[in-house]
Every structure is written in C-alpha cells, then in structure tokens.
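Input: structures, listed below.
Next come two complexes, and both contain chain A; in the first it sits with chain B, in the second with chain C.
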Partner chain A sequence: MRIVIDVLIVLSIFFAFAGVVGLLRMPDTFCRMQSSTNVTTFGVLFVLIGGFLYALFYLHNGEMMVKCVILAVFYFVTSPIAGHAIAQAAYLHGVRSEKKMACDAYGEDLKKGPPQPQSAEEPAAEAAPAQDETAKEESET
Partner chain B sequence: MKKANGAAVVSTMIVCYIFWLLVTGQIVEFFYGEASWQILAAGLIVSFAVALFSARFFIHDDTFFLANPIHILKLIGYCFGTFMIELAKANIDMAKRAFSPKLPANSGIVKVPVNLDKEYAQAMLANSITLTPGTITMDMAEDGNGQLYYYIHWIDVASQDPEEAGEMIKGTLEKGIGGIWK
Partner chain C sequence: MSELLFFAICFVAMALVLAARFVVGPSVADRAVAGDCVETLTDMAMVLFALYSGRAIYLDIALVTALLGFIGTTLIAKYLEGKL
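And then the complex of A and B:
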C-alpha cells in the first residue's frame, strides 16, 4: 500500500512540474493559463488521493480522510470559476498574444456589438430572449 | 433575481449543514456518540441563517433534484468515469506539449454551440471544459434564435468550424452531462 501512495504522490509531482514548465515556456497569457490547469487538476487530485489513502491505512484518522474529500470537492467546483473570470477579464482588458491567433471568434463578436467591451455581452444576452418573445407573439397571432 | 422560496431554503440548509458537519469533524464524534446536541443545534441555526440569505443564488429550479439516489449515482459516475478519462487524456497531452522542445501552440478562440437547457448543466459543462487542460471557457452568449454559444480558448485549434470543434472539445462531456440533467 505504501508503494501505491508513493506512486500517486510522485505522479502528482510530475504533473505539477509539467504545469510549471509550461507556465514558464508558453508564449502568451492564455496559453499559460492552459498550462496551469495541469497543476490544478492532476497535480492536486493525485496528492489528495494519496493523502486520503495514507490517512486510511496508516493514520486511521477519519477526520483527515473526510477533509481530503471535502478539499477535492470544493477545489474542483471553485477553481474553474476563477479560470473563467481571469481569462475573460484579461481579454476584455486588452491582453493579446504576440503571435497572431489562429482564429478569434470572441473578438469578432465583441466588435459587432456596442463599442464598450465591458457592457457588450449583457445587452446582447438580454436582447435575445426579448426577440424570442416577440417572435412567439407573432407566431401566435 | 428571483425570490427564494421555502423549499430552496430548506435544501440549501441541508447541504450547508452536511458540509458543516464534515468540515468541523462533528460527523466523526456523531458516529461515536460523543457529539453534544447543543453544538449540533447551533450548527443547524447558523446554517439556516446562511441558507436564508444565499438560497436565491444557488437554487432556481428542481429543488430536490439531488435527493433522488439515481441522480447522485449518475453524477458520481460522470465525475469518476467519463470526466476522468477526458481529464487523463488532456493532461498527458498538455504535459507532452510543455516538455516538447518546439513548443507547439496554435492557440485561438473558437465559438461552439451548446444544446443544454438547464442552468446547472450549462454551468457544469463550462466548468468541465475549463478543468480540462487545453481549453478554457471564456464567455457564454445567446444569439437571436436562443441558441447558446460558448467562447472557448483552445491551445491547439484543429478545426475552425463550430460544429466540428464542438464535437472535438466537448462531445463526450456534453453527452454525459445531458444524461444527468434531463
């Protein structure tokens, strides 16, 4: 059992290392964020599983097992939300890659909308259901 | 913002109370029969107060959806089955990318159509995509016809066609989530 725990923790260290190497080598902000998800998924997951098994077989500590599970649940529920927020805020603030992107659908759609980038999505999101309602009314009449 | 109804407050309170029991370690004492009822009652009151203020942010429809054990089993099956396989594939791919000397990065933002109606399903799909290394959901928007789109930053743009890119990024994930939240 000790070997399994050690293998899990070494795997976790490997993925965290890969993530950090990517973080330092990637060319622009968004690619760096992509690489950092390597750390935040398998890096965290394996070390928590290893800690869970260690608490189960060596420490016999129920509280610590439960805390490993809770940490994993909360971590996996909350960390992507920070990912969305940082990526979107960076884009709207004007961070762009030095190389040209292969395609940029988000920028094209922002240009089509109102000129202020911050308020571009909310009117569009609100306008869409309104149009639907008018369309339904027309079809009913 | 919708007003919270009673059932939403109750279900939020139950979830808060369970998490409070787990985090403070009361559940262990509870099993050994050492927990004092005063502490348990205090936790219940505090979780009710928290639920009263926060229920309207969490629960909008289908209050007791997770009270059905079949749904919980499906959710666990998705988390440890479908999602883990995708996660493993993407993690290994991303680790290779980081260590390769040429640093292959052909990044771009693609617009992908999504066919899920429930709010929870949409949130869960967006979070699953962000957790997968190589893709980050940046924003969601609806077009005039009510079709929902995600804007996804993708590190290796293999296809710029929305349907084909969507199939490559989230094909299996969307099927799994659509099976849970019907």
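And then the complex of A and C:
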C-alpha cells in the first residue's frame, strides 16, 4: 500500500511538471491556459487520492480523509469555472492568438450583438477542419 | 515517512519555477493563470505536509487557500471583462 501511495504522488508530480513546462514554454496565452488545467486536474487528483489512502491506512484519521475528499470535489467544481471565466475575460480584454484562428465562434457572437430573446436557435459554429490547434484549445478552455 | 516531505519540496520547487511566468507574462491573463497555478501547487505541498506531520490543521489552511485562489481568479476575470 505504501508503494501504491508513492506511485500516485509521483504520477501527480509528473502531471504537475508537465503543466508547469507547458505554462513556461507554450507560445500563446490560450495555449498556456489549456496547459494550466493539467496542474489543476490530474496534479490535484492523484495527490488527494494518495492522501486519502495514507490517512485511511496509516494515520487512521477520519477527519483528514473527509477533508481530502472535500478538497478534491472543490477543485473539480471550481477549476473549470475559473478557467472559462479567465479565458472569456482574456478574449474581451484583447488577447488574441498568434496565428490566425481557424474557428472563432465567440468573436462572431460578439459581432452579432446581444441575442434576441425570441430567437431560440443559435447558429451552429461552422465545423471548420481544425488545422490550427489554437482555436480548438481555446474553445475547450 | 520522509519521502512525503521530499514530494512537498518538489511541488514548492515547481511553484518557484512557475513564478518566472508570473513575472514575465506578457498579458494580464497569463499572470492570473500563473498565480492560480502557483496557488494550486503550494496547496498540494500543504496537503503533503499535513500527511507528513499528521495534523489536520494544514488541510484546513489548504482548503481556505483554494477558496481564496478561486475567488481571486474569478474576480480578476470579472474585472478584465469590465463588469466590475
């Protein structure tokens, strides 16, 4: 069990390291945001699973188990919200990707103005073949 | 027992490396994202130190830090959108 916990934490360190390298080396703001989610999903998940197992088998501390679960649930609820909010704010603030974006659905929506309340059907974003990775990552973020 | 401390030091070292992005980041959103990630990494170091020392108070501090980081990032996002 001790080996399992260590392997989980080392896996978490690997994912967090990948996220840090991506944040330092990616060429673009939206690429860096996409890479930062690597830290807040897998880097958090495995260390909290390891902490849960450690508190369960070695410390015999129910309080720490519950708090690890609460931390994991909290991170998984809030990190997509924060990522989406900061990506939208960066777009509105004027940050653009370096290359030309293949698909810019949010910019087209902004040009169209606020949506009318009776027109329920949204124009679907045209499924352009994603030659550029940046636009896809931005829509994911 | 002491390898948990070693892993915590790894997380803190990654957070210190990430502070470079916090300094040189060309836009405000870069700095906000880098600050969020630094907060997450120090949070994980705090969880590991709580396991090492066997005291649950560090997990409380980690929870409060996560909450404050989320609130700060969302607040910066709202400010950049101009809705604040």
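Keep this in mind: the second predicted complex is superposed on the first by the 113 of 141 C-alpha atoms of A that agree within 3 Å, B and C clash if a C-alpha of one lies under 4 Å from a C-alpha of the other, contacts with A are read in each partner's own complex, and residues count from 1 in each chain.
Throughout what follows, a contact is a pair of C-beta atoms (placed from the backbone, for glycine too) under 8 Å apart; a residue touches a chain by one contact, two chains touch by 3 or more.
Since the structure is predicted, the reported quantities are computational estimates derived from the model, not experimental observations.
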Chain B versus chain C as contact partner of A:67, first or second or both or neither: both
Partner chain(s) touched by A:42 [first = chain B, second = chain C, both, neither]: first
Which of chain B and chain C A:54 touches, first, second, both or neither: second
Which of chain B and chain C A:88 touches, first, second, both or neither: both
Which of chain B and chain C A:16 touches, first, second, both or neither: second
Partner chain in contact with A:31 - chain B first, chain C second, else both or neither: first
Contacts of A:109 with chain B and chain C, given as first, second, both or neither: first
Those residues of chain A which chain B touches in one complex and chain C touches in the other: 19, 33, 40, 63, 67, 70, 79, 81, 87-88
Touch list for chain A against partner chain C, complex: 6, 9-10, 12-13, 16-17, 19-20, 23-24, 29, 32-33, 36, 39-40, 43-44, 47-48, 51, 54-55, 59, 61, 63-64, 67-68, 70-71, 74-75, 78-79, 81-82, 85-90, 92-93, 95
For the chain B and chain A complex, residues of the former touching the latter: 19, 22-23, 25, 27-28, 87-88, 91, 94-95, 97-99, 103, 105-111, 126-128, 130-139, 141-146, 151, 153, 155, 157, 160
For the chain C and chain A complex, residues of the former touching the latter: 3-4, 7, 10-11, 14, 17-18, 20-21, 26-30, 32-34, 36-37, 40-41, 43-44, 47-48, 50-51, 54, 56, 59-60, 62-63, 66-67, 70, 73-74, 76-82
Residue numbers on chain A that touch chain B, as the complex places them: 14-15, 18-19, 21-22, 25-28, 30-31, 33-35, 37-38, 40-42, 62-63, 66-67, 69-70, 76-77, 79-81, 83-84, 87-88, 91, 97, 101-107, 109, 121, 124-125, 128-129, 131-132
